[in-house]
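Next come two complexes, and both contain chain A; in the first it sits with chain B, in the second with chain C.
So, the complex of A and B:
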């Protein structure tokens, strides 16, 4: 029951954040000087806000400037961008884990050089990696080659891989000092079996904390590679004053970022018994 | 252990390369890139050059530009003009058919004219058809047009695209009418499919001009680097406009050629005539004299300086000696400002009654790097001269329309205009013109523009327009900058290419794609 109450609280916070984002962003667009939303005859902000949320649940958010249904554009954009973000995240976590485990507790020689190269490459902004990929790897304007390039760039660029490697390094360093790892080492059993379950939560936390970065990165990358995802659609919506579409995309992006945070919270409650213990000790549900 | 990640990275890069090359090999048909995709396939609501180009492929007009630049019949077969030149009978070709199999008749022509002219349609090209007073379908293949005034040489005015009457409920055609994404076409191509980033066309089996190339794909590529790279690797066959900074790169390519083509497009700095200082011609001339426009032009490429609202190759351009390009002369600029009551103390800014002349510079974000470069250069030059010019601000389309066209809240704006063959500047400089955002009002120019638009004798029309040019060159509601030399890039496998000014794909049915 206590876990259910905790999850309910988290869920409510998530809903509040998403609704607040639609309220704030909608108000900005509505009351901005010369706003097309606010200047429509007989229109009221409260009415628009209500209609918007009814539309979210009925799947009818009206039509965009381009004539397509807004909900359809958001889903199509999300259907393009979210797999790229998800795959980029997974690739980054997997590569980061691989690099951290491969290097071992004391980095030497090639490991150190490789690690340095990874950090240097990872610090490149996504747009730069995009241009390099265009010129060097002949990234095609559609298809698997384009998706592969986008995933690799998202997994590496804007400090993504660097952050992941450093985060896992820190977790591994802490784990290596734990008694059960020491005894496993003495027994000669494979260490990864102990590492992986204990790294699941930190990895999820790293993933959640990088979500906003990834969405920012995907926007830039979609511009560079001409991918019709949520970023490019959002940019064009802003450029053509397509407010209905812009609000919908903003709320969607907020929901993704807040949702990833919620997911980590849920995971933490379910996976880590210490969280439940701590909360009981503090007299909180 | 440390070898493994390196090996994985190498495999990853190799796979990327393979997939890329596979994608390249799979490309078929003709594919070209646009910075921004056409929004609408309804010629009634054509707003951008991307839409103009696409509509060239999808729709036919009564007459179109021929190889020699003169009108050649398309849907029309022949015509007769009345002796007083006030009416014209157009005979359509026999057995014309729409892409859905319906016959294309005189009723479609009459409907199209009425739709363009209907104010409820809100077509941006409505004024192009204002020369037609009445249109009627006499029979299946004969249309009678009555003009507002006698027309001596009207064929070039019939370049507008004809629409299928059976697809519309009335002549008031809203922008959101489903025709925009499900068109019925008469041109060489019909729509095959569309997605958020692409329009795919296929040969229209009912077209009167059978194209050699079977399929076309138009792809949105907002980034020019991607366009250049895709052209080089053969993912696209054409890059419509190559900005100057990419010319060298494309020129080096072994697979593509640069082709210069004329565009009827020119750059300007519009000055807000509501501004207490800018409303005085002496101040406007002083600003134009204060800057070296050759220096600004050299920063972004090659082009032709202009003294008025036409490109130098235009028949309306006034080449008279009395109409000179405004060249930099800071002494003269200073004298002009002094004559307008402004003063400058030492190295300070010019001011009127102790109030510095402060100017904001806006430019359209769509002008990209070139716009930014010119705006920054002009700001620097104005500041050097002693005008307190603020940092230039780029504005996207929505803000631009609001700020410049609706609120008119600006001082100087940098932008460009593009025209079709008619080079109609009426709306830009007539006091009631819909695009006259600077607020220019000159009764004499109004009369000249009215006469020019009504004039049917081409020679007289040229004279009126050249006089408009002369007056605008004197009064400078705009600082007229230049017409950039335009280049397009095409892969070498594309053959029999002919590109007309403004009408990029007009002769596309004759283009060939070598396997």
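So, the complex of A and C:
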């Protein structure tokens, strides 16, 4: 019962956040002077807002400025971008975990040099990495090579890998002091087996907290490399004042970011038994 | 925090250098779009970083680029402070009030908006709605600063609220209450100033770094950043984009012997204006690295 109530509460918050964001962005785009959304004869904002949400569930969001169906464009863009984001996220978490585990509690020699190199590379903005990849590696304009480069850049750039490594480092430092790790060390069992289950939740949290950055990164990267994803479509929609398309993309992106934090909370409730007993342990007051 | 060292001095040097260069930029002001020499020159005493393909001095453009982010970045810092600190402190100090609950919900909504998407949407609306976009373009950076600040408010406020809340049951707060100090004084002086300074300053560094990152990214993409011909580290890079293939061909060494590789790099710098590519890259990376080093050191001090 307790779990169901918690999950319901979080789900409601998620829905409220998405609806409220669509209200804010819709109003911004509707009431902006010179807006094409609000210029139609006899149209009202409330009516448009209702139509928009009916459209979200029926899959008919009207047509873009150039006459293409909006929902189809959003789906196609998301189908290109979301796998890139997901793969980038996984790659970043996996390599961050590997780097943190390999380095050990005291960083010396090679792992220290490696860590410095990782931070330096990770501090580069995504556009810079994309640009350098074009200059140095001559990334092809389409196909697997391009996708691979995009995933690698998303996994590293804008401080992504740096954030992941530092986050895991802090978690590991706390874990190493715990009794069960000490006793595992004394027994001589491989330590990573004990680390990994305890790191699952923090990893998911880091992933969710980076989601907003990743969306921004994918927008820039698609522009630089010329990938027809949701970022490029959104940027062009903004450029040509195609507000119907822009609202749909903005709401979609907000739902992705809010949804990933919802997912982490659901995971937390399912994984962590303390949450069921004590609401404070749920992290959100 | 992890037990590793941080380099606060590096951060302070970078920050100082940025401010200094911004002041220098006040005095070297030249017509940003005008050619000063032949295009694509290598480095010389007259042009330390060479010239770009329109014959503009790259070093001067590098210096002037600080105009694009120092003041708007500081605006972003100020706005984050003005909105985020009262919100975070209020939510943390009076967690039960209805206003606090509303504030928390507002933060959740703001936190779900990706920075770059918000910026692009709002700037697109403004560009579409102003009658004279050219006259308005220089102000765009300040709007950018304001928007970046908004996206950092949840981060600062939530962190601050958590911390202020955790101080509620500390003895020094109870002692101050017992002495009859007002809530305002306890919150302002004993909690915020004495115990949350570093945490707030840390967020300031992060906001500034994020502004630099977003500004250079947007300027590189072209439509929403610094309006050309005004320079930015981002658009200096995109201006030499047409040189990329040429630089690549010059870089290609005859063999991978160290001498040949060095000769290739030398060729690229002399004939291909590769410095116009290297200088902004290094400037961006060093600036962000410095600011983050400072932020990291402050984070460590805050948690001590």
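Just so we're on the same page, the second predicted complex is superposed on the first by the 279 of 285 C-alpha atoms of A that agree within 3 Å, B and C clash if a C-alpha of one lies under 4 Å from a C-alpha of the other, contacts with A are read in each partner's own complex, and residues count from 1 in each chain.
Keep in mind that, in the parts below, contacts are C-beta pairs under 8 Å (C-beta built on N, C-alpha and C of every residue); 3 or more make two chains touch, one makes a residue touch a chain.
All figures in this text were calculated on a predicted structure; none of them were measured in a lab.
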Fit-or-clash call for chain B and chain C when the two complexes are aligned on chain A: clash
Touching partner for A:51 - first (chain B), second (chain C), both, neither: neither
Contacts of A:141 with chain B and chain C, given as first, second, both or neither: first
First, second, both or neither for A:239, with chain B first and chain C second: both
Partner chain(s) touched by A:63 [first = chain B, second = chain C, both, neither]: first
Touched partner set for A:125, first chain B, second chain C, both or neither: second
Which of chain B and chain C A:253 touches, first, second, both or neither: second
Which of chain B and chain C A:158 touches, first, second, both or neither: second
First (chain B), second (chain C), both or neither touched by A:103: first
Touched partner set for A:272, first chain B, second chain C, both or neither: neither
On chain A, the residue positions that both chain B and chain C contact, one per complex: 33-34, 131, 134-135, 138, 223-224, 235, 238-239, 241
Chain C-touching residues of chain A, taken from the complex the two chains share: 13, 16-18, 20-21, 24-25, 28-29, 32-35, 107, 119-120, 123-128, 131-132, 134-136, 138, 158-159, 166, 169-170, 173, 211-213, 215-216, 219-220, 223-224, 234-235, 238-239, 241, 246, 249-250, 253-254, 257-258, 261, 285
Of chain B, residues touching chain A in the complex: 1-6, 8, 12-13, 15-17, 19-24, 33, 36, 39-40, 176, 180-181, 195-197, 219-223, 225-226, 229-230, 233, 235-236, 365, 396-398, 401-403, 406-407
Contact set on chain C toward chain A in their complex: 1-4, 95, 104-105, 108-109, 111-117, 120-126, 128-129, 151, 165, 213-214, 216-217, 220-221, 223, 234, 237, 241, 244, 247-248, 277, 281, 284-285, 288-289, 292
Footprint of chain B on chain A - complex, ascending: 33-34, 63, 65-68, 73, 76-77, 95, 98-99, 102-104, 109-111, 114, 131, 133-135, 137-146, 148-149, 152, 223-228, 232-233, 235-236, 238-241
